[in-house]
């Protein structure tokens, strides 16, 4: 898989996501695509009150949405904006309570096949080395 | 496990969730606890524009939040509002695109141990027999 | 999905599995297909020393093999012996230590699509109502 | 977690596994602990006919047993042979058909808590850079 490289620029991918998924920015944008690379993508989720749970921790569903989006962005970056990838499965392990800070999601694609793409995501609190949530996901890629 | 019964009434559980998790109702309440029973709970998610994705389908993260909440409600109903259960893992299979209708989540607890509770959730579009999303989840229960 | 029915008889499916997967019987047959039905299958794993772990409990890998086989049998029963389904993901929750008895695996298909089939399996100790292991799995179905 | 280091030597851990889990070597030893390190372990599964499936590929259950064992070894190396860790959940993505060669499982612990340990495993065909199977698992650690 070492030959796989993104075919979309970060700017084009951001423009595509903003146009196709305006809902993710409702209430103020908190999800940002930081970087795309070979079989990888990094997303950031800003700290915002609507992601919180009692005790100042960030909600599980916010992290699940972040992981799903990071995987989706990584896949689209490599197959282009035409194809419509659909999430078929997601698995999450919640490891630590995230602090009241931004979250960084590092996504790595493990497989980019013709029909299925699989990747993993490690989510960190900004500035901390410990994984707070780890996810794996599978996306179905429609035939051209 | 046939002897396990809820120790909270539906009304008390709703009051607890509303008080402790006001964030889930930000933007207008869409999640409702319909019923609790022996090792089970049923939640409903009203159709709302903020849950949508292109094509009128309901977003994955909305369904993930619904499943997480249904599991959490089922567990709390059986262990009481004092204990703080923490989600440790969640696994989702997305089976069909949900239509633009309310979703119903049926949760069934598979295990209610001293340290871990495990359950599964089947999510349906209201009025349809087909499962659109299936989830399993594990929650850690703190020692008393 | 209520219209889905098996297209193979139990006898034909057993003959196919025995012919194509002789390895699962190495050391003496312990896996048996008990029944197939609409979107369902039931398999049995006999108690055998080679499945054990210290304390007389049955090993996780034995239960994982049983769940994988039950899902595979359920899918083949509905799509026929020609197609080659490949496991793409499996998720397991281990709920209780199984006793030193035969295990029964009840499989239910949640989706039988053109490209993906998804099902869940509940494994019980024979004669007990408690689930000892719960599994969900996804299989890729090659295009005809 | 950078301060976590193994408290068992590789030799002691091998001796413990051989003594406590003789069943994994029935039919001839194929699983070998190659290395342990800070929050990590590497196991090897030799190519053997009993792990095969039609077409010369290695069976899913063989890889699942390998991943489970690698996680178990990594955890024991860090908590010692006294404590009895129990697998509570395992999730697998099968990415490519493994060739008829030995498999290498690289395990990395993501969390080593007082009650739960979580890790991930990447399985490769020996000499190949592509992941054939990726696993995550959770183990319950009994109180001392």
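Letters A, B, C and D mark the chains in the order given here, with residues in each chain numbered from 1 onward.
In the analysis below, contacts are C-beta pairs under 8 Å (C-beta built on N, C-alpha and C of every residue); 3 or more make two chains touch, one makes a residue touch a chain.
Worth saying up front: this structure is predicted, and the values here are computed from it rather than measured.
*Asks:* Name, by label, each chain that touches both members of the pair chain C and chain D.
*Replies:* Per touch definition, common to chain C and chain D: A, B.
*Asks:* If you tally the C-beta contacts for B-C and for A-B, which one comes out higher?
*Replies:* Comparing B-C with A-B, the pair joined by more C-beta contacts is A-B.
*Asks:* Report the chain whose mean Cα position is at the greatest distance from that of chain B.
*Replies:* Measuring from the centre of chain B, the most distant chain centre belongs to D.
*Asks:* Rounded to the nearest whole Å, what is the centre-to-centre distance of chain B and chain D, using the mean of the C-alpha atoms as each centre?
*Replies:* One centre to the other, that is 33 Å.
*Asks:* Taking each chain's centre as its mean C-alpha position, how far apart are chain B and chain C in Å?
*Replies:* Chain centroid spacing, chain B to chain C, equals 28 Å.
*Asks:* Taking the mean of the CA coordinates per chain, how far is chain A from chain B in Å?
*Replies:* 23
*Asks:* Give the residues of chain D that touch two or more other chains, as numbers and ranges in rising order.
*Replies:* Touching at least two other chains: 88-89, 91, 93, 138.
*Asks:* Using the touch definition up top, name the residues of chain D that touch chain C in the complex.
*Replies:* Within the complex, chain D contacts chain C at residues 20-21, 23, 26-27, 49-50, 52-54, 59-61, 64-65, 68, 86-94, 97.
*Asks:* Which part of chain D faces chain B closely enough to touch in the complex?
*Replies:* Those in contact with chain B are residues 88-89, 91, 115-116, 138, 140.
*Asks:* Inside the complex, what are the residues of chain D that reach chain A?
*Replies:* 1-2, 91, 93, 95-96, 110-111, 118, 120, 129-131, 134, 136, 138
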